[in-house]
Amino acid sequence: MIEASGTPLPWIVWVILLPLIGAMLCFLWPRQGKTLGLLTALATLLAVIALYFQLLDGGVIRYAVGGWGAPLGIALYADGLSMLMLLMSALVGVGVSLYALGYFKHSPDNPAGFWPLWLLMWTGLNGLFVAGDIFNLYVTLELLGLSAVALVALAASRDALGGAMRYLFVSLLGSLCYLIGVALLYHAYGTVDIALLGTLVERNPATHVALGLMVVAMLLKSALFPLHFWLPPAHASAPAPVSALLSALVVKASFYLLLRLWFDVFSTVSMDLGMVLGVLGAAAIVWGSVLALRQTRLKLLVAYSTVAQLGYLFLPFALLSPLAWQGGVYFVLSHALAKAAMFMAAGNILAFGGHDRIADLDRVAQRLPITMTAFCLAGVSLMGLPPSGGFIAKWLLLDAALSHDQWGWAVMMMIGGLLAAAYVFKVVGFAFTQADAPHDAQPVSPFMEWSALALAVCAILLGLNAHYPLELLAIGGPVTFVSPSP
Amino acid sequence: MNAWLPLLVLASSLVPGLIIFALKEEHTRARIALNLGGAVIKLVLVGVMVWGVFQGQTYEARLPLLPGLELALQADALALLFVVLSSVLWLVTTIYAIGYLEDSPYRSRFFGFFSLCVTSTVGVALSGNLITFLLFYELLTLSTYPLIVHRATEVARRAAKTYLVYTLAGGALLLVGVVWLYTLAGTLSFTPRGFLSGLETQHSTALSVIFVLLIAGFGVKAAILPLHGWLPKAMVAPAPVSALLHAVAVVKAGAFGIVRVVHDVYGVEFADSLNLLMPLAILAAATILYGSVRALYQDDLKRRLAYSTVSQVSYIALGTAIAGPVAAIGGIVHLVHQGLMKITLFFCAGNLAETLGIHKISEMDGVGRRMPWTMAAFTLGAFGMIGVPPLAGFISKWYLGLGALEAGQGWVIWVLVGSSLLNAAYFLPILYAAWFKAPATHWPHERSFGRQETAWMLLLPPVLTALLSLAVGLLANTTFSPLQWAVFIASLEFMP
Amino acid sequence: MSTPLLYALAGVGLCLLGLYGLIVYAHLLRKILALNIMGSGVFLILVALARRSGDSPDPVPHAMVITGIVVAVSATALALVLLVRFSAATGRNQLDDDEHSP
Amino acid sequence: MMISGIWLLLALLGPLGLALLLMTWPSLRAGLIKLAPWSALPALLMALLPVDFSTSVIPGLLLGSQIGLDDSSRYFLLLTSLVWLTAGLHARPAHARAEKPGFFILFLLAMSGNLGVVVAGDILSFYLSFALMSFAAYGLVIHSATAHALSAGRVYMTFVVLGEVMLLCALMLAASQAQSYDFETIRSAVAQSESRNLIMALTVMSLGIKIGLPGLHATLPLIYRAAPIPAAAVLAGAMINAGLLGWLRLLPAGQIALPEWSAALMGLGLFAAFYGVLVGLTQRDAKTLLAYSSISQMGILTFAVGLGLGAPQAWPTLLMIITLYAVHHGLAKAALFLGLNMTQHARDGRHWRWLALLGLALPALALAGAPFTSGMVAKALLKEQIYLAPWPVLLGWLLPLSSLATTLLVIRLFYLVRSYPGNGECQTCHWQRLSWALLVIASLVCVWFIPKNDETALLSLSTIWQSLWPVLGAMILFFITARGLARLNITIAEIPAGDLFVPVLSAVVRLARFFIQITKERLPIYQEQVSQLIARLVHCLNGHHGLASVEARTGRWPIAIILVLMLILTFILPGLLIAPSSGDG
């Protein structure tokens, strides 16, 4: 990496650098993977927190690494939105790291690969969140995608490998589409800096083609209905901590990118097309929920739930009000925490009983109370019941929809919430009863149980004081949050 | 201090609940101590609060939630009525539940959720605005689920599922209603006589729709007619839960919500001017009759009581919907009265089941001689439900009737008549069988308690609540009776 | 037709070819190759569009392409490893399209 | 609250407290149960003591209760407490058993209810006492637990509940007019009320059930026959008057003239007076017969109330007369019932039996209105007021005729009692005998002690003749008829107890079955259908193959990629179509 010239490196660089260094170290000393990984996770968390305070003090942060600006250098940029994403990743990341400590003790999956890959992925994530130009975004996106695929493949089962393969193709296809878009934009406007592009972009065919390619690429990677086909097999078959990371963070990264593109790059042309995303989002809510309800296996259920929940993220594109945007971002946060907790809980149940057939869950509620609590609390957030982050998000979205008399969206959200309740409680109900074929219980590490619970509790706490995240979001006004220009 | 007290009231059940979750099964003593300690502390705190409010203090706690929106707890008169009811009945039910679940498994979980349930109920009561109400209302839904499914049977799972389908759907409607209201009014704080009457007339259609949404949302828990289906099914739960669900927590939260919406959100006058109250009154009346008719044919004792609840809870809605001060008094006071009477009945049903294994009315022949105290309490409760003076139910019915006449809605009288007749028709045969029929040679599943008819922890609560339901009726005119509180509450709403 | 445009169109052609391959071939190796072809097409487009104004080509897209190639190589490597593992685990070399269906 | 009020309240709470103690304290039962009858004594003393028990308010009770005694209710209290005391003493040998305290618990509850009805000064405490009395009396009715008793109990309970509900309606309507609960205000409010007719109809009917108003009289014969004799005595002697008292308290007599109501009640009353006798004559059971006698006698009281409704100015006088009549009838009826008990218990020794029969004859004569008995006084006083009615002459004949009819009935009673089975001796019957004797004497002379307008007129020859001829006539008529019937070998079929009610009952049962069929069988089916519909809808949404196969298809590569391309086009096309085409595309 680039040497600092004289002054110490700012935190915004450290948040990328730390996980990268950690990844290298873990790769070099796989035996110490756990220790190194955990230390890195904690260090990264601290760096993110430090960056947070820096942001609170001085507002939006821009930094050209090594003094080289775009296009050739690496421009870093952090505002409230980035910060929220970084915090979210750090929180989930630390949680998952703790979880992984317990998970790989008993799992047949390859633990040596986990730490370097995961830290690499974290590098990609953090890089993506603070990248200031669209080409760097491409690089981080690829880093993220490839490490994610590799993580899925850790499970080494037939399903996991198939899922990983499919995921890889999708990821590459998306990246290539995105890259064409980058090429077109650069050709048309001669820059890759997001802020600059935002001021330059105008309505012309090149812009539109770029928009189409890039947006759809991100939709593909965010698994918006009907492009979600790759998500359930990949997320459901991956090792539990990986599933948690994928559902909580990786899909959010592409969503974040889409958000940046939509508002900061294409704001002059994109607004009219929001309805398409909204409709697809609504369809995703219903489709994903119904399919989740139909699943007989727990991890698939949770994976389809992700498909459904991602639908909510796209409603603000159609609702077009600042309130809706706050809701959308809040949804990202709460879903990340809740879904990570839920996948971790599902992993615990799987480890506990040796299977994840929902109907055969045998008194899990009684025998794994902490896990079940985590599952339920996460479920509460997914359903959008108060008090939880999901509730705040839903409240903001509903407020936005209803204050403009946009009924359809409100109805879709309600249906989504009810279906979510249906699939969550389908699991909870069976967790109380005794199965026909009782199974032996495998011990579940307390790390796994408590980290799941901690994240779930965070998802709930997110609903108790929504001021801070929303105030943070307002810093830098990352997304313009304005009504469409006519 | 004044801001802390409502929080402390909440914490007095929340904290013990959370600690109980962490306790091992065999820590019976600690659990009992926590439960009873929490209940007693809560009662004391509530007592302090009542005294303070009586002295003119205001208790309010606020927590910012969203820009322009905060969670608010406040102890106004209506809130206190419900809080007092909940905390008294919590103490009683806790004693009962300790006795009832003596040897059953998963007590920590049970009591943990039980405390959560009470916390949510008290939260519902103390809510100072609709969003806080919504929060605790949903919390209540969630915390009762594990209690219904507690027995972990297939039937229990299905019943709990039904419960959730109903209540969560109701919650969803409620959420839409609340958000919409917020977009129109910009505030959600409960205000006597409502905060909507200042809105422009162009919103009247929207306000009507919102009213329907809110009432439907609360109506689910209050088991108003097409939304009552969950209640009889939820009877699979253990008796203390049924008692708590039916007398205090769930149905009352719904009914309380209806009162709040009509009184403190819309304002009676405004709601009436939108022509919203008459349909509500008719719906409530229909529920009253329907519930009673269905109760007639239930041989399962708890199911009969459940349908009776369906019927009785709608009295509250009816009283609220009759747009008049006297009827409002009747409705509000029935909140307390029905609670006392119905919890008595459920305790007794639980005693029969626990001591003798009796679940069906057809097994109750002569049970009065075997368990005289239990059945005496049951008798008081049943007569109260029929509306025989001087029991609590009579006072409610009396005010409802007078209020209906005062508001020029004489038809309500006939509903009350029909309901009383039906109540008599389904309660009196039980009493007859219990007291006058020859006892069976052996009971379905008898447990011996020595010289006592049953464990004292099972016996004390129903007797206590029965006496209370007698006392609140007999001494209705004394200063601290629920009736006088209800009069005070109604005066806030109706006095110029 | 200017040369850059020709290159760009060729790049588009390669992309479409790759896409076609991705659709029609079930064999995973062919799919990987198809993606590689697509990648080449994209790089071609990038380079072709680099000639924005004047005579001297803009160096930035070249830098991008180099980065892109690095990414593509690592992606291909990953894909091949996965393929090897996959066929070792399943004895097949194509994805079963219904394997994930519920 | 005045000190006298406290005493009065204590007199009410005495039996109540005793009942509670009996319920809750098994170890004390044996002793307490002996005390039970005496708990009516305080009330009796209150009635007799020359203390002013004018209305006192108990503010905390119910919605603010009032208790007190006015001139007429003092006599009712006297009657009530005396009857309960005596009946209690009579019930003691058979029912005062510590292991089965049920009878006396309910007895005491009903007693305190009945006393409460008398002293209640407002509608709510009246209603409370009335309900307590009515519900507790159920236990007395079905005490024997025979099939007859149980079915009578069912009928009784049905009527009680109906009555309670109607009364509640009437009270609510009245109270909403009056804005107050004390009787005086209520009466004037009812008089002024728009819904006066409804209130009055409800009052007349609800309390008419207790009184045995024709059409609603079915319970009386059934329950008197079913109840043990002491219970029947209190039912017939004391509790029946609760209904009457309610009428006096609630109907707006003395406020305004209500000719229609007056006529209706008078008509009903006269009809009852004769109808009761006619049906009663056919009875073979002494208690049933006495029940019909009660219906007949209450008919006369109904008539008197009707008279008062038509003539507000005469109401104070009439009220006193009605009180007299009620007291006389109550005491006589109770004495007759308990007399049945005495004849049963009389030792084999003949003179005891004769003494008992003689004792029985005295109240019977009083009932018939024989000269110098209280019956004569009551009837004569009533007849004095007959001029208020529309057809005074006709009515002037009908009243003595009713005495004649009553006489026929009591002769028939003796006829039945002659063959009444004895049930052995009674060792501890001193209190019974003493109290009965007191009751008999009271029934004969009580009325004389009640202050009246002019006493001398009552002792005039014409009055005595007026009272004598119906009695004599009836005796002659009875013997002629009886002999004639015997000679002709005609037996008159017994009209089943409850007479008209029997077919009505079956109709009601049929109606109820229909109701049950609708509500029990159809209602759940409808509900089931609705839920099935919902289930089917859900099932459709949740279709078997549709969803899964669509989901699987979106996962196939060709389709997936085509979807991607389509989406890209969706985003590009609108832009291309709208945007101005430029050269460097």
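Observations on the structure shown:
So that you can tell them apart, the chains are marked A, B, C and D in the order they are listed, and the count of residues begins at 1 in each.
Just so it is clear, a contact is a pair of C-beta atoms (placed from the backbone, for glycine too) under 8 Å apart; a residue touches a chain by one contact, two chains touch by 3 or more.
Here the structure is a predicted model, which is why all the values come from computation and not from measurement.
Chains that touch both subunit A and subunit D: B, C. Summarising the inter-chain layout, the chain whose CA centre lies farthest from the centre of subunit A is D.
Centre to centre, using the average C-alpha position, subunit B and subunit D are separated by 35 Å. The distance from the centre of subunit C to the centre of subunit D, with each centre set as the mean of the Cα atoms, comes to 98 Å. With centres set at the average Cα position, the gap from subunit A to subunit C is 26 Å. If you average the Cα atoms of subunit B and of subunit C, the two centres end up 66 Å apart. Chain contacts: subunit D has residues 548, 551, 555, 561 touching two or more partner chains. Within subunit C, the positions touching two or more other chains are listed as 22, 100, 102. Touching two or more other chains at once are residues 173, 229, 233, 291, 294 of subunit A.
The set of touching chain pairs reads A-B, A-C, A-D, B-D, C-D, using the touch definition from the header. Those residues of subunit C that touch subunit D in the shared complex are 19, 22-24, 26, 97-98, 100-102. Subunit A contributes residues 363, 365-366, 369, 376, 380, 383-387, 391-392, 394-396, 398-399, 402-403, 410, 414, 417-418, 421-422, 425, 428-430, 432-434, 464-467, 470 to its touches with subunit B in the complex. In the complex of the two chains, the subunit D residues touching subunit B come out as 23, 59-64, 102, 124, 127-128, 131, 135, 139, 142, 145, 153, 157, 161-162, 164-166, 168-169, 172-173, 175-176, 195, 516, 519-520, 523-524, 527, 531.
The part of subunit B that touches subunit A in the complex is made up of residues 21, 63-67, 105-106, 109, 131, 134-135, 138-139, 141-142, 145-146, 149, 152-154, 156-157, 160-161, 164-165, 168-169, 171-173, 175-176, 179-180, 182-183. Residues of subunit B touching subunit D in their complex: 229, 293-294, 296-297, 372, 376, 383, 386-390, 394-395, 397-398, 401-402, 405-406, 410, 413, 416-417, 420-421, 424-425, 428, 432, 435-436, 473-478, 483.
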